[in-house]
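When the chains are written out, they are named A, B, C and D in that same order, and each has its own residue count from 1.
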Amino acid sequence: MKESLQVVAQKLQEKFGGNILGITEFRDEVTVRVKKTIWFEVHQFLRDDPDCAFNMMIDETAADYPLRDERFDVISHLLSLSKRHRFRVKASTSEKIPSLCPVWKTANWLERETYDMFGIIYEGHPDLRRILMAENWEGFPLRKDYPTEGYDI
Amino acid sequence: MIKEIAQGLGLTLRHFFKKNVTLQYPKEMRNFHPRFRGAVGMVRDQETGKERCVGCGLCAAVCPSNCLTVVPGTDDVGLRNAKIYLYDMGRCVFCGMCVEVCPELALVMTHEFELSVYDRSQLILDAGAMLRLSDREKERTGESIEEPGFPAVTDAPSTFLKHNQLDPRIQRGKFQSHQPALGTLPYGYPMKYEEYLKKIREGKPLVQGTLPPNFQEIQNKYLPEDSRVPMPKFVENQADTAAEVRIKHMTVGDINKVESHKYYDEDGQGSKKRVELGKGEWADKK
Amino acid sequence: MFSLALFDVVNATEARVNAPEEPVIWFLQTFVTLFIIMNVVMVIMAYQTWAERKVMALAQQRFGPMRTGPIGLLQPIADAVKLLNKEYIVPRDADKTLFFFAPIIAFIPALAAFAVIPWGDATGEGLFGGWIRPIIANLNMGILYLLALSSIGVYGIVMSGYTSGNKYATLGSIRSSAQVVSYELTMGLGLMGTLIMAGSLNLNDVVIAQQNTMWYIIPQFFGFIVYAISGIAETNRNPFDLPEAESELVAGYHLEYGAMHFGMVYLGEYINMNVIAATVATLYLGGWAAPASFLEFIPGPIWLFLKFAFFLFIYYWIRVTLPRFRYDQLMGFCWKVLFPIALANVAITAVFKYLGITFGWWG
Amino acid sequence: MQNVMNPVGGDNFQEKGDKRMRLSLGPHHPSTHGVLQVIVDLEGETVVRCDPVPGYLHRGTEKLAENKYYTQIIPLTDRLDYLSPFNNNLSYTMAVEKLVGIEVPERAQWIRLILSELQRIASHLIWFGTHVMDIGAITPFLWAARDRETIMDIFEMCSGARLTLSYTRIGGLMSDVPPGFNEKVHEFTELFHKALKDYNKVVSKNPIFMSRTQGVGVITAEQAIQYGLTGPSLRGSGVEWDLRKHEPYMYYDQLDFEIPLGSTGDSYDRYLVRMEEMEQSNRIIQQALAKLPSKGPVKADDPKIVLPPKELSMSRAEEMQRHFYQVIHGFPAPVGECYFGLEGPKGELGFYIISDGSPRPYRLKIRAPSYVNLQALPLMTEGRMIADVITCIGTIDIVLGEVDR
């Protein structure tokens, strides 16, 4: 793990303590799993803290695990231009999660897309509409139980 | 300000006297690089004159767009071949993966790219039509297009042995495929999500269409038992039947109808002027 | 009766031609001349589309139209046949009557402007004993007539855009009306210098005055620039093609037109270009007069055509090179750049004329 | 006559008496570069609200990818940013390589680097042509297309396709480049150097072009970071961030090149940045050609992932069995997740893969730079004129295949 990221991990542990569910590293990428209750705070902290300084949000997305109680993993990728490190934050949720739009404007469309594809509702999002699919589309295509093909005669 | 505009005008004026870079396409055609990936053709075995395919179905397995249907069988001599081989050019993305994986070097990407037809069913080719495609390629280039495992006819420096230079024992039809026939069913029109769910929950067969190959696997892994749905019946059908269904629904095309260029063929010889691509021609003066 | 009435009107405005002894024959002669000139203009205009495409293709290192006839020479005919064969579609929200007449209003005045362009010495008799005259109507106020007709053409554009019931078309026609009205002013002012120098509104007089001194493009260079630029803007051509800016308004005011109505809008635009080019050739490049006396064996119409074609080439050349202005920049350019130049040009020319100052070549 | 400025009725129209006009630019519009719809509210010619509506080209690439083997996804990535398919191939392939932990041979990496830079030039050329054409100059587009043809010839020579390349494979390349590759690329770099001067002459200093782009679509550095812009759009605002320099992948750390930066963040700055990037890419290609090893494998030697070469599989039964096994069952990736982003022509092009240990990705997220950059369009256009909307769409260099995925 990069030294700067070790500092970040340490600071997160100090600040949020038990709300941090685990910090893992795979292929030199650090992932922190947090409780969904601090989803917004952790991002604000990561942006504002001078040691973290994640001033840019690269991506925000989700993954579907239909067997779990909280079936969605919401994932955000952060980048610090000054420290040159990247970070990934994850939280599980069943349906709702706070929106990150007040933290980064990028989050607007990325959250709209995630809502469109998974049906995750971002609370506090200014304009949560479908973006890629048609407005009257049924179902959420990237959920695992959505059929990939289905044809009638 | 005026200087810059004048510079721009001068530059366009200079281009009036440069050589044209475009071609009169239907009348003349550029020469493709040897690796050009056009429609997939089948290579003719030089000894028997038949296709070299043994019907192993690897091409259908690797095809990202599900455009190949292969049903294995045996020919009158007892060698393995493809009983049914259907290639749907309308779905093909010309990625060349089928050719890359073919263990018998039976497929090749030809330079055939003028594939417009008036009827989509004409875009579904069988083995015979694919053979004719590669024959046409051979006629044009004047050489055999037997090349080892490359998505297209290649000019790459190859350390590979040509197929006919290999040990005759392993040349053709010696590898028996244990793979069940692979293939997809014909496709129709998508139905609504709700109807789809209803149909498969009730266990009603969907006559057409395919599910992801790992459908059951995904369900077993990720869905609680009560919400799993049975595999729709059509997947259990034998591939033979699947191909028959497909053939019943679609006529197999005749490659000779896939000749959009013949309408522009002025001398009636079926040949167009091929223009060799020059090197940086456009920079020269006329 | 009608022909006599027409004769009266024409007679009242014609000073140079003596009253014809045979009004009917005079009328027939006018008709023959008109017929020939209009046809020549139409053919030139049709081939102008071909020439433009070819010139653009050359600059872009491609062929342009090649498939119809040798080097695509039949392309204009093919285009016309195609347009004639298409269905005439009126949008649901369009004002049907005005929608129908708008292209005609754009087309006819443009064509009528050719009546005052001399293609030979208009004081002479013409060919075949006057059966083909060098000018259709040798009006004393020819330039006024030109300006008036080009103003009428704007109505066609405005109407076609506004009656289409389409937002893009409406935006296009709004842009167009503002643009054309503004540039008409600079266009008129730009011309003024030549008129002051020649002392006449008659186009033929201007040509003869140039023959006696020199082409007005030299003494009236700024006037020429102002007139040429305003002319390009007046005909909605690149870099002033805002009303039909393809990348913004799709096609602008003629968005909803199809079939021959589109053809008329399109041709009206090209005829307007022709008018500008012909007036530039006449007023600044010496018209039908040969540039030097030893070249006079080449007839006047050919000289006019060469000068005309040269200016059209400049049109195309600018089109292939320059990007488009923005709406506010366009208006700013007109009022802040062209208008002062034109005014100054008029004032200076007038002062020189009044004081009778000549600088050797100054007429 | 019906008032066309304020048509009443329909969801898309306003109340009667509203002075604003709601104009739908697209999805069929000449300058939205594909099927982007932009709904703008106009007051006169001034834009008061701008709402981009993507999605008309949505093909569900991410969903499709969940049901395909890792190798089969490569053709899908061609169709994302169809103006730079090689970079898509490369980014995806490198993401999978990172996931499975495979080393790519040196020669393959250099070829990838050269082709990636060529593709960047090709993509920027199309951007240049269309951007300038949107502003009204038609000729530079065709000149740009002419030079791009040369690049596409090089790609056809290598991969057999001009647009949908699918040239990379997990662990290397589809095949080695054919003979004559070096000469052809070298020839191109020299020609292109001259052509670039022409472009600069006819467009860069043109007063009309400058007046159309200077001060239009200004994005400050803070806004650019806040909106997550990457690539030339970010550098045009003066933020020095280039993954090739700051998180070097492949062999970019061995090469000497500069990162052009803008100062004001307007369209003209972004224009200059991209033009200079082409020049720098040209430099990179020249250096890389000199460093390209003349011989060597182009596929990694990893029997679990890379298919056996034909001469082996056709002469040894066990290799043939391996060949069959790998084609039919794919190769399993280790359980885990990884993200890889490279500096694409449009910005950071990233692929995020979650693997559950099966040969298919459990989840594949494409971080499309065009999608993120397009978000800044309302910021750039609101309060400006409608002609500036077109300039702004051009200047952020979007490709709808990538926006909609």
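Things to note:
Definition applied: a contact is a pair of C-beta atoms (placed from the backbone, for glycine too) under 8 Å apart; a residue touches a chain by one contact, two chains touch by 3 or more.
This one's a predicted model, so the numbers in the text were calculated from it and none came from an experiment.
No other pair of chains shares as many C-beta contacts as B-D. Chain-level centrality, scored on Cα centres against the all-protein Cα centre, points to D. Centroid to centroid, with C-alpha atoms defining each point, chain C and chain D lie 47 Å apart. Remark: chain A and chain D have CA centroids separated by 24 Å (rounded to whole angstrom). Work out the mean CA point of chain B and of chain C, and you get 57 Å between them. Separating the CA-averaged centres of chain A and chain C is a span of 64 Å. Touching two or more other chains at once are residues 5, 8, 11-12, 15, 21, 212, 282 of chain B.
Multi-chain contact residues of chain A (touching two or more other chains): 146, 148.
The multi-chain contact residues of chain D, meaning those touching 2 or more other chains, are 67, 139, 143, 146, 202-203, 206, 208. Within the complex, the chain D residues that touch chain A are 53-55, 58, 60, 62-64, 67, 98-99, 101, 225-228, 230, 239, 241, 246-247, 336-339, 341, 348, 350, 352, 354, 362-363, 365, 367, 371-372, 374-375, 404-405. Taken together, the chain D residues at the contact with chain C in this complex read 1-2, 4-5, 7, 21, 23, 29-31, 45, 132-139, 142-143, 146, 202-203, 206, 208-209, 211-212, 385-390. Residue ranges on chain D touching chain B, taken from their complex, read 67-69, 71-76, 139, 143, 146, 149-150, 153, 156-161, 164, 166, 174-176, 178-179, 187, 191, 194, 198, 201-203, 205-208, 307, 309-311, 313-315, 317, 320, 323-324, 327-328, 358, 360. Interface of chain C with chain D (complex): residues 56, 59-62, 93, 95, 162-168, 170-171, 175, 238-239, 241-242, 245-248, 250, 319-329. By the touch criterion given at the top, residues 5, 8-9, 11-13, 15-16, 18-22, 24, 282 of chain B touch chain C in their complex.
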